[in-house]
Structure formats: structure tokens, C-alpha cells
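The same chain A turns up in both complexes below, where it pairs with chain B and then with chain C.
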Partner chain A sequence: MNAVLKDTAHNTAPLAAWGLTHCYEGSNVLRGVDLALEPGSVLGLIGRNGAGKSTLIRAMLGLLQPLSGSAFVFGEPALKLGDDAKARLAYVPQQPEALAWLTAQQMLDFVGRFYPRWDAEFARRTLERWKLQPNKLLAKLSPGERQRVDLIRALASQPELLVLDEPAAALDPVARRELLREVALRAGESGTTVLFSTHIVSDLERVASEIAFLHEGRLLLRCGVDETKERYARLWLPASKSAAAPAQALSRRRHDDGSLSLVVERDAQGRWPEAAGLPGARVDALGLEDLFVEIAE
Partner chain B sequence: MKPMRLLALPWMALSRPWRKGIGICFALLFAALVIGGAVGRHHPAWTTHLGSATAFIDGLFWAGVLSQSLLLAREAHHLRLPTLGREVGASLALYVLLTIALPALLLAGLGGNAAVALTEIAMGAALGLAYATLPPYFGICACFAPSLGNHAGPWLPMPSTSPDRFLMWAVPCTALLWLLVGVFWRSAVRRDSGLSGARRPIMLNLRTLAWYGRNRSNYLEVQQIRRRWQWAQPVADLRHCGPDHPVRSLRIAMGGWSMPQTSASRWRQLGILLASMLLPGFVMTTITHGDDVLRSIFGNADMLLFALCIVGAVIALGQVQTLQRRWSRHNAELPLLALLPQLGDAARIKRELLLANLLPAFAVQALLMLAMLGLAAGLHLDGDSVAMLLLGQLTGMGMLATLALVMLGGVPVRDGWLVVLSTCGYLLVNLSVVLALPMVDDTPFIRLPAVAWAAAIAWAGLSVPLLRLGVRGWQGLQGRPHPFLPMA
Partner chain C sequence: MDASLLTIQPNAPEPIYRQIVEQLRRLIAGGQLAAGELLPSVRDVAGFHAINPMTVSRAYGLAETEGLLERLRGKGMAVAATRRASQSESQRLALLEPQMLELARHARELELPAEPVLRRLTRLLGD
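Right after this comes the complex of A and B.
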């Protein structure tokens, strides 16, 4: 059954990964990650620094060979992508540094020749709108400017799948907002599927339809952004009731007074764990940022 | 302030392995100085030679070890640690006594001229410190100082020829140098953040490079582009690029000297290269040969053979370094090229990538080989010597092909092993010219049976690991799903 689901998912999903495992210098970065994106969805991949977000993205796009597991882009194995799949995909790495010896205009002109649906007019207009000097060498641009040029490169190819690794990390608030607007527009109007990693929770709330939370190489939760408040909460149990804490929890923290805080999830029937009904127990709603902090801490 | 702490202070800015390595080197140099002094004590001018040797070693010591105090002084100033700042000053004063005043006194005790010895050693120390702590354009000049005796001897008084007249120019020059070092030291300690790359002392630049670890080569490349004047920047020629011209497009994406450039840009780069290569030779030849400069540079076929040989080896190593830079970054050309459509299937991309990276270098090396053959014909070299020259250039090409395959095939090789292999290859390529030229009694070294055997063993010693690595690289490249996966 699971195999059938996988087959269906990797044939239809623009981007899918199964059992991805990878390690650097002996330490595990990815521990069997399964993730598939629905067409037209905007998935925000969230996690702390070093959680494995960039590695997961690179493994999903075939930019590194994972130790085990497989990844598919538009149904094709990520490590052996054909021209058609590549033309429908755009990726912006964290702190892009490619082709530093070309000017912004030369880089866009060069790359644009390989994409059949390249929108040169969009590239020209956006360079102008974002006040980027087209004749300046990429090496001489600031990290934020360089990231914006690379975003233009990605967007001008009119991709069906847009993958952004911490796209807002080097951007100022104005540029960040413009980028998010552009991403939302692409997803809303053209049905572009978007995967972006970030640790800025407000960015997720602004554009993502779904979030996936990666922690220490594992995908801890995945759900719609609007669902998180309904589905997850912090359960506080006094010391006397802590023995009755549910075994299943996304995080578990014991306080100095012996009381226990857990992040819990509603079950399939929409009920909180039984311990939530114990005398003295308290269930607190969590915002996205609180949920992130509770799990990541 | 404890004297032992003051003595240890400059060494504290060095990492443990560097401390050990540098310590051993200076211990060996000091031993060589003492043994050399003892052996040559019957020579009439032995104290003068001993003074010059001490000045040279002092220069190295102040450049390599005591300049580290600049880092400590900077940290002390930035972290508001006045005691440490004072200790750095006291430590330097102690080292002045131990490495300048004490040797001068010893030399005077052995019968040398105290003033000359003191000036010469102080000048050596100042030049060493100047190299490390002055902006690079001043610092580099300090490197030419040791050869002053050889090249400027005929018109500049030296300790061995005219000690009194030597003092007349050396004392004010040494004082000025120490003053200059003091001014720049103060500036580097107090306003490091305001110092741009061209004005930052080599010592601070090296520290920054150390932070980048294995990525220092990438950092240097970007810094080089940033600092270069606009007119000196290579301009890419994007004509005939795109899906129909994958090799040319890949050359654009790889950058470096082999990137297709506009004609004007290519001529400009060639001019800059020739000027930067010929200028030092021109200056040195002007000093030594006066009015016979051009004939001295271009009329010396032996030296031209050497130069061509070195250029060939440098091109090979430069191209390998470019590949190493590209394949070590996760967020640059690799993801862009891996996802660029219309470059063809994996097998085709691998083939074209090899062509894009090897063809330009091979073409230049072939031209150099032709030029060498022309010079060999002009020098009437025999078959053995010509074969030696060809072997040298072919070794350069083989090294390039092997190391390129290692990078593209993702073969995990230790950096140290690659450096050893490249250095041995570089030395053997240069050795080929030495062996090919008739240097003793109009007979090339390669005609001597013992030398021929030694050369054969050396080449076999290089060829075997090169071949093994090449095969592993080729197999690795064939086994990769696509060639744009970063190095392990």
C-alpha cells in the first residue's frame, strides 16, 4: 500500500523524496526524510540553523548524492533530470555566488539562452524596479543584491517549481516583502509550486500554505499553516500528574518544580490526549512561532 | 612582567602545528648559522658574512614570528586589554635586545665591526617586519632586499666592500624603515576596520584567509575581482553561447583565464600578464646589465626555455585550482549548471565538461611546446635533450588531465597528497629543462647515465600515482549520475 502511495506521489508530485538519509563527517544530517509537495502548494520548510534544511533541499534536487533514499522532480529521478524537468524548475541557493565574473545583465543573458520560456522583459523590468545596476559585476554586489539578482534569474525562467533556500536571509525588509509578494503572486496566478526554507516564522505566515518542520534531520510535523493553532497545543501538567503524561509528544520539558510541558497533537477524531482532562492540567494554544520555539528548544 | 611570558607571547598567536614547524625551521637555521660560522672562521671576511647571514635569518624570524605580535596588539586594543598591549610592547623590546643587539655584540666580540653588524641586523629585522606588517605593495619590495648585494653591489656600498660608506646610507634607511613600520603598526592596531584590502598588512590578510579554511581560494578569487580596476577586468564574450555551443558555454561558466573574452579584453589581459612578468626581469636586468637590457632578457635562450616551461606548469596548476574552486562550493556554479536545461544528457555533459576544461590549457601548452622546440633548434640541442623538453611539457599536460579527472570524478584525496604531487610534478617539469641544457662542458646532464637513471626513476615515481589517480578519476566520473556534484 505504502509503495503504491509512493508511486502515485512521485508520479504526480512536482517534488518528492523518500527515506532520504545523509551525513557529513560522521554526523547524521538527514534521517530518513519523506516529503512530497502537492502541485500549486507553497511549502515552508522551517527548522533551526543546522537542522538539515539546505541538505534536504539539495538532496531533493539531485545536487548531492544522499547515502540512501530517493528523490523525484516531476516524476524523474532527481540525480538524472532531463531537459524538460530542468526547464520547469528554478532553484536559488542560500547566499548565491555563481558566475561572479559576469555582470548582472550578462549573467541573466547567458542563463536565459538555455530556458525556452525565459522572460527577458521581466528580468529587465525587475532589475530596474529593484534598483540593481545591470552593468555591475556580480562579485561587486552586496550579498542582498546578489540574492535579488539570483531571484530574478529564477523567476524569469517562469518555473513550475520554485525552490528557494533561505531566500530572505540577506534581504532588507522592503526587498523581503517584495519577494514574498512575488512568490504569492506566482503561486496564486500561475499555480507555481514553491518550496522555501526559512527560520523567519512571519515569512511562513505570510505566504506558505503548508509548513514542514525539520528538526535534527527528521521531519517532525507537516500541516497547513492555518491548521497549526487548531491541531497543536502546549499541555502543562502539574508535578503530581506528570506520570500520566502521554507517551506521544512533539516535545517534552520538565520544569524545576516538577511540572511538565509537552507539545501535543489532536488525534484523528480531533481530541487532545486524555491527560488534558486531568485536574490541574492546562492546554495553551500556540502560535506558529511559539510552536517552533517549543519544539526546537 | 615575567621574561618567559614575554618571550612566549608572539608564539601564542600561532597554532600549535605552526609553532612546532616554525620552531624546528628556526632551530635548524640557527644550527646552520653556528656550524657555518665555525667552519668558515678562517675566512678573512667571516664576521661580515656571519653578520649578513644573521640579518637574513633575523628578517625571516621577524616576518614569520614576531610580526604575530601585531595580531595580539590589535586584539588587546579592540578588547580593551591595556596590560596585554603593554606586554606586547615589552616583548618586542626584549626581542630587539635578543635578536638584534646581542648578535651585534657577539659579532663585535669576534672581531667584526659593531656598527655595521648592528645596522645590518636591524635592517634585516626591519625588512622582515615590513614585509608582514606594511601594505602588500611596500611589503613585497622587502623580498628583493636579499638580492641587493648581488645586483646593486657595483654601485651601492655594501658591508663587505665599503663598511663606512655602507653605514652612510644604511643607517638613515634603517631608521626610516623602523619609523614606517611603527606608523603602519599603529594604524593597523587602531583602525583595522577602515583598512581596505590593498592597504591591509599581509599579516592581517593571512589571518582573514585562515578563517576561510579550505575556501580561501574562492575568497581570494572574489577579492581579486573586487579589487581589480574596471579596465583590467576580463570581459566575457557571450557571442556563440547557448544550447548550441555547450563547450563554449561551459567555459563561460567555469570562468578563469580560459573563459571566452572579447578581443580587446584578451589583448588587455595578455598585456597585463606580459608586463607583470617582464617588469621584474627588466628592473633586475637594468640594475645588473645597465644598457644591455633587452638583449639580456630576450637574447638568453636558456632563460626563455625556463620561462616557457614554468608558464606551462603554472597553466596546468592554475586550471586545476580553478576546478577545485568550482567543485568546492555548494551555492555557486554547481547547482546552476546541474539544473541548466539543454546541456544534454549526463554522458554528453561529462565529455563536454572535460573538453571545456582541458582544451584551452592543452592548446596553450601545445603552443609553448612548439616555441620550446623552436628554441631547442636554435640552440642546436640533440635528440635526448629535445625528448627531455617534450617529456617535461607532456608531464604538465598529464598532471592537468589527471587532477581534472580527480576533481570531476569526486575522488576523495587528501589536500596534502595533492599538494605533494603537484609540487613534485612542478619540480620535475622544471628539472626537464635543467637536464636538457648543455650546462657543463657542452654536454646536457641527461647524457650522463647516472642522471638519466635518476630521472627515469623520478618520472616513474610520479607517473605511477598519476596514472592510478587518473584511472580512479575516470571511473569516478563515469560512475557519477551527473558531473556537477561537489567534492567529497
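Right after this comes the complex of A and C.
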């Protein structure tokens, strides 16, 4: 990406990163990731366990110093964020550990003072709805309850940028639906920008406007959710026709009987590759989960 | 109309905005939604189904372009006044095209000749 583009992108993007690389104990976790979020967009970050999702999020927020590359939050370098930027940002880690010696209510009362737009009523109501005891020490809560309290903390601050790392794992289906509803309505109505990582693809299909597939430290695909579903499909070719397979495919798998499955893309005119018209060939629409499985294998 | 009348399958290969337009088309063609009837607000649909409001706006916008819906000032979206009467048989038949293509594909995969399939279909249609 050229310098001018880069410049405008990180002035307007609530969250942006360029060329992030990182490694733990000699193994590469991030291998050069560029990612920028448009204001008001909901970006779902999908990847297998260990794909580097949490590391990417932490590096983008300046909670971890990457080996190389740079990250910006509201245009400020992520590693040197000012208080103003921090007040407009909320992040929920997978395993919140802060302030464990306080009760849930004490933590929310304390933290609330730092946020100009704190919604104490929302916090009270949601603690009750999500069946959390306000007077129990955070240290005594289960990891799931702990993350629920932290989600309430994040939402009650009414952030402009909301970053959630695997938020779905801690919630039962009813609470999960409620969280998704909050995320969707806030993005749509208040223009909140949201980044959330998950391996539960159907959550993301409800609320995300865009998805990014992170695989082995690289972004494999970055696309609007609707466009992704319309643009990619699985092409199956019988063994006799497999030689005619298009050279360009996102994934390619040969089956025991010699037949071939490929993930293919429409061209600029909306057509599938020519091989799709061969006798015996099949084109199947792919849900995001299938697409993810096909290309991450 | 109530937001719960729509069914959303987030993990289907068909994008959610298309699912909404498709259902509106059917509900209107089938007369379940009468001309002039108000649609639930974007917020109601998005809130009820926990989906992105932009997806609902996109669906409503597309349905408006197709002439299914019209925007009433200050009231929101309503079923377009002229719609139902103008739906000819061929237009309604065109709505079945995706299912017909799917059926035809399955029949070919099962190597079934057309005749028994048509016979069964005729029975199902009650003729």
C-alpha cells in the first residue's frame, strides 16, 4: 500500500495496523498483517484456535509490542495511547483478570468514573439479566461469569470502538443473542466500530458487516459478509474432468476417487470458471462456515 | 406486520438481505401482506433477529427499488399500493425458479426421468 493511502486510512480508521509480525519462542504467530476498520463497521475475525487472533488484537491495541509493523487507534500510535483515546475504546479480553479483589458492583462503580458516557443503568440491568451477583468478588466468579461482567463493563462505557476477543464462549445462547443484539444495534445506530474474534461462525454472520480469515498468521480473506457468500462457491469435478480444473482456486482438494473439490470465485462479470459448465461438474453455494473449513484445512 | 414473521438463517449460503427480500416477495405475492401495510422498522427487525441494521436497510432498499415496497414519509416502509394486482402468473411463476432449478438438479443426480417426477409433482399440487 502506498504512503498516501496509508496516511488517509489511519487518520479516519478507528483501528488500523500495517505489516504486523510477531513471534513467540521462535515460531511466527503473525506474518505481516494489514488490517483497517471503517467507522461503524463490524468486523468479525475468524480463525482456528492458535491462528493468532488474540495476538493480533493485542498488537492492534498496543497491549503487546509487535516484532515489526505498527498499529493505530483513532489515528494515534497504539503503543502510546492518550487518555482521551482510551476513554473512547473498550476491550474485553478472553480471560479478564483485572481488579479481581473487587466485587462486580465495586469494579463497575470504580471503572465507571473514568468514562464520560458511562451508563450505570445499563450495567445494573444487564448484571441482573445475565444472572450475575453484584456483591460477589470477581476472583470468586467462574471464567465465564468474569467475562460476562467485563462485557457489561465494556458496553456500559458506550465506546466508539469495541473490541471483543471470543466473547461468545462465556455466554449461554440467550445471553449470546442479547450481546449480538447490543453489538448490532450500537453499530447500526450509534456508529460504534466493532472488532470481534470468534470461531463460532454463525454469530458473526448475524452481525458482522465484514469478515477477515486469519490463518497461520496471515489474513487469507477480507471481504463483506454478503459479498463473500455471493462470490465464492465449491466446485466439484469428477475424476475424468479434473484436468480441466481452473488454475486459480482458494483451496484444492483431491478425493480418493480422483475427483476434485475447489473453492472458486466469480469473475468480474459474475461468472464461475469455465470448468463449472462441464458435464458432471457441480457448483455448490457455501456458507461462511463451510468456506472457512475449506480454506483453513 | 411483525418482525417475527421473517425467518432468518444466518448460516445459510444465501445472504441475509436476500433472505429478507425473498420472503417479502413471497408474502406480498401470496397476499399475506396487503398493499399499504406498514413494515416493521429497521430497528425492530434488527433487534428481534439480532442482525446488523445495515443488512435490513439494504433489504428494504432493494425491495423498494424492485417496487415491492414504498417509503411513506414519516411512517416508514409500506407494501407498495399497486403491487399485488399487477403480479401476473408468469411473474409469480418466476418466484419458484430457484426451487425448480434445485429440484431439476436433484432429479438429474438421481438419474430420474422427467415423467415420474412430474407425475408426483402433479399429485402434490392436488390436480
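The rule we apply is simple: the second predicted complex is superposed on the first by the 268 of 297 C-alpha atoms of A that agree within 3 Å, B and C clash if a C-alpha of one lies under 4 Å from a C-alpha of the other, contacts with A are read in each partner's own complex, and residues count from 1 in each chain.
One rule holds in what follows: a residue touches a chain if its C-beta (ideal position, glycine included) is under 8 Å from a C-beta of that chain, and two chains touch if they have at least 3 such contacts.
These figures come from a predicted structure and were not determined experimentally.
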Taking the superposition as given, does A:Arg58 touch the first partner, chain B, the second, chain C, both, or neither?
-> first
Would you check which partner chain A:Leu180 touches, where first means chain B only, second means chain C only, and both and neither mean what they say?
-> second
Just chain B (first), just chain C (second), both, or neither: which does A:Tyr115 touch?
-> first
For A:Gln106, select first, second, both or neither according to whether it touches chain B, chain C, the two together, or no partner.
-> first
Looking at the overlay, what does A:Tyr24 touch: chain B (first), chain C (second), both, or neither?
-> neither
Which partner does A:Glu289 contact after superposing on A: first (chain B), second (chain C), both, neither?
-> second
Dominant toucher of chain A (residue count), chain B or chain C | B
Report for A:Tyr91: first if it touches chain B alone, second if chain C alone, otherwise both or neither.
-> first
Across the two complexes, what residues of chain A are contacted by chain B and by chain C?
-> none
Can you list the residues on chain B that touch chain A in the complex?
-> 218, 221-222, 225-226, 233-234, 236, 238, 241-243, 249, 252-253, 255, 259, 329-336, 338-346, 480-482, 484-486
Residue ranges of chain C touching chain A (in the complex, touch as defined) | 8, 10-18, 42-43, 46-47, 49-55, 58
Residues of chain A touching chain B in their complex?
-> 54, 58, 61-65, 77, 79-84, 86-87, 89-91, 93-102, 106, 109-111, 113-116, 137, 139-140
Hey, which residues of chain A end up touching chain C in the complex?
-> 42, 177-178, 180-181, 184-185, 187-189, 201-202, 205-209, 225-226, 229-230, 285-290
